[in-house]
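Notes for the one structure printed next.
Naming follows writing order (A, B and C), and every chain is counted from residue 1.
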Amino acid sequence: MVSLTSYLIVSAALLGIGIYGLSVKRNAIRILFAIEIIVNAANLNFAAFTRYLDPPLVSGQVIVFYSIAAAAMEAAVGLALILIAFRLNSSIDVRKLNKLKG
Amino acid sequence: MVNLPATPADLIPFLFAVITSHTFIQIILFPGFIHVTLVTAFLTWYERKIIARIQLRIGPLYAGGPGGILQPIADGVKLIFKEVMIPYKADKPLFLAIPLALVVMAALPFAVIPFGQNWVIANLDVGLVFVFAMISLFPLMILIFAWASNSKYPFLGGLRSLFQQVAYEIPMWISALSIVMLAGSLSLVDIVNAQARIWFIIPAFLSFIVFFISVMAELERLPFDLPTAEPELVAGWFTESSGAIFMLQFLALYMKMYLMSSLVTVLFLGGWWGPAFLPQPVWFIIKTLIVATFIIIPRAVFARIRVDMLIRIGWTRLLIVALVNVFLTVLLITSGLTAILGM
Amino acid sequence: MEIAIPPDLVFVILAAVTLIAAVLALQAKELIYGAIALGISFIGIAGFFVFLDAPYLAMLQIAVYVGAVVVLILFTIMLVRREQSDELLDRPEGGQGAVGLWLAGLLAVAIAGVAALAGPNLPAAPPAGNLPVSSLGLVLAAEYPIPLVILALLISAALLGALVLAKVEK
């Protein structure tokens, strides 16, 4: 059978990919991709833990449920922000979003 | 349980065991692929015949069989042998892959649709959500295809399709919620079993209306066929498709129509239940075809609505009716009326 | 009939699909392909959920992430598309790529290392127990009713917020 450790390793790899995207990319949409990947890594961990460590209860699944709903909102608001940034700067390079810089 | 073949010599008995298994025959014959394709082909002919009768024409006649019923086969053969035109600078892999994906997305949910007590391929615990999840992939596919066509009209049609399908998905889910509450299960088999005494169209009539209108919009049928509106957008999001590509899309659209009709049958019209003189799947298909008739008829009767009307109906009328309906259903269940109705 | 597919094999395939698609989502030259790869990665995660006896979450994952989030992303990409600048934006500058790689690699290896070290103490096989879908609903409604209400309010707020943000000033 698949052990809990395998899920944790896959999730850690996903987290690593997400962190790489967050730290390297300058395109706002790619950064959103990276955030979604990280959230998914966390969701996978919650689902795996709740399945292996407290089987009659599904508390972890409840958290994933909330997380999925929150991620949908996050994407909607985030993309609206990207649209505004594009309208103001005609670019989605996050480095050009420095209007507040003195 | 059959084990995967360990050595090449085990392969032939393994394949034999797979091919002769009950599930495999169900997947291939009934209620699986061949049955779905045949009924879908029949639906294309049936639609043309009905529209023709309403408009005092005769419709397809010369392709053979009674009333030209072999017309879909003639159409299919013609389309397969036509050249596939790929627009200049189109995204070739996506352009060729998406029509196939559309057919898969339309065919997969039939795995959980119960055509009879034992005529279901997989009785999933979450059957209804599975169907909805697959339906929610359609706007994504259509948008990608429209973008891959690299042409103006498909892109506009794709955007319209996206707005429309996303807007009407929400009332559809919410109106199905009251059915789930009445049946107490997300499994389609359980939902049909709960209708043995009384069909859900009676206690949940409002939900049926909302669901049916949403289905019309999801299917992009008139009066909601803005994504493929001929006078404005040539042929909407499939303007650039031809030959086999067009055939696959056409197949997917009518398969989705069959899927939605059977979903209405499962949720509201008691699924396979009917007097015992006909077998269960026959009852199911008869009911489904009746629903399909009601989906087809508006095409010959109504005019197309405007985009702003479409969005307003979806977000300010249907959504509110669907939400009110949820409260009504809660009242119905808590007041004990469902017990009186024998559910 | 059921075919006895070894769970390890399915797990490895799912993991490979999910991880490769995640990498492609970030590295694909064309943003649209990146979004499609992201969708495939989400479907891989949904496969893991099925494996973890959470079929409802799997369907929700497909309906919400692939059916809504990816669609939104694609829509935004098509609105803000620039012919040349995409690729330029995604190319790391100077030592940035190496630093990011080191950071991400160290973090992932650290977490995976902790998980592997704790491995002997963790259960190797899941305890038996077929969880019905309704148990999720019962836990949601009975134990966490207030978070559910807050979530509903949050969704409404986010919907209105996104509408206000994206509205074009006249």
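Note that in this section a residue touches a chain if its C-beta (ideal position, glycine included) is under 8 Å from a C-beta of that chain, and two chains touch if they have at least 3 such contacts.
What you are looking at is a predicted structure, and each value in this text was computed from that prediction instead of being measured.
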| item | value |
| --- | --- |
| Which of A-C and B-C has more C-beta pairs touching across its chains | A-C |
| Chain whose average C-alpha position is farthest from chain C's own | B |
| Chain A and chain B, separation of their C-alpha mean positions in angstrom | 33 |
| Centre-of-Cα separation between chain C and chain A, whole angstrom | 7 |
| Inter-chain centre distance, chain B versus chain C - centres from mean C-alpha coordinates, in Å | 28 |
| For chain C, residues contacting two or more additional chains | 56, 60, 68, 75 |
| Overlap residues in chain B, where contacts from two or more other chains coincide | none |
| Residues of chain B that touch chain C when the two form their complex | 1-4, 17-18, 21-24, 91, 94, 124-126, 129-130, 132-134, 136-137, 139-140, 143-144, 147, 155, 159, 162, 166, 169, 185-186 |
| Chain A to chain C touching residues, read off their complex | 1-21, 23-27, 29-30, 32-34, 36-37, 40, 43-44, 47-48, 51-53, 55-59, 61-62, 64-66, 68-77, 79-84, 86, 91-93 |
| Interfacial residue positions of chain C with respect to chain A in the complex | 7-8, 11, 15, 18-19, 22-23, 25-26, 31, 34-35, 38, 41-42, 45, 48-49, 51-54, 56-57, 60-61, 64-65, 68-69, 72-73, 75-77, 79-80, 82, 85-86, 89-90, 92, 96-97, 99-101, 103-105, 107-109, 111-112, 115-116, 118-119, 122-129, 131, 135-136, 139-140, 143-144, 147, 151, 154-155, 158-159, 161-162, 165-166 |
| Chain B partner contacts - residues on chain C that touch it in the complex | 1-6, 32, 36, 39, 55-56, 58-60, 62-63, 66-68, 70-71, 74-75, 78, 132-134 |
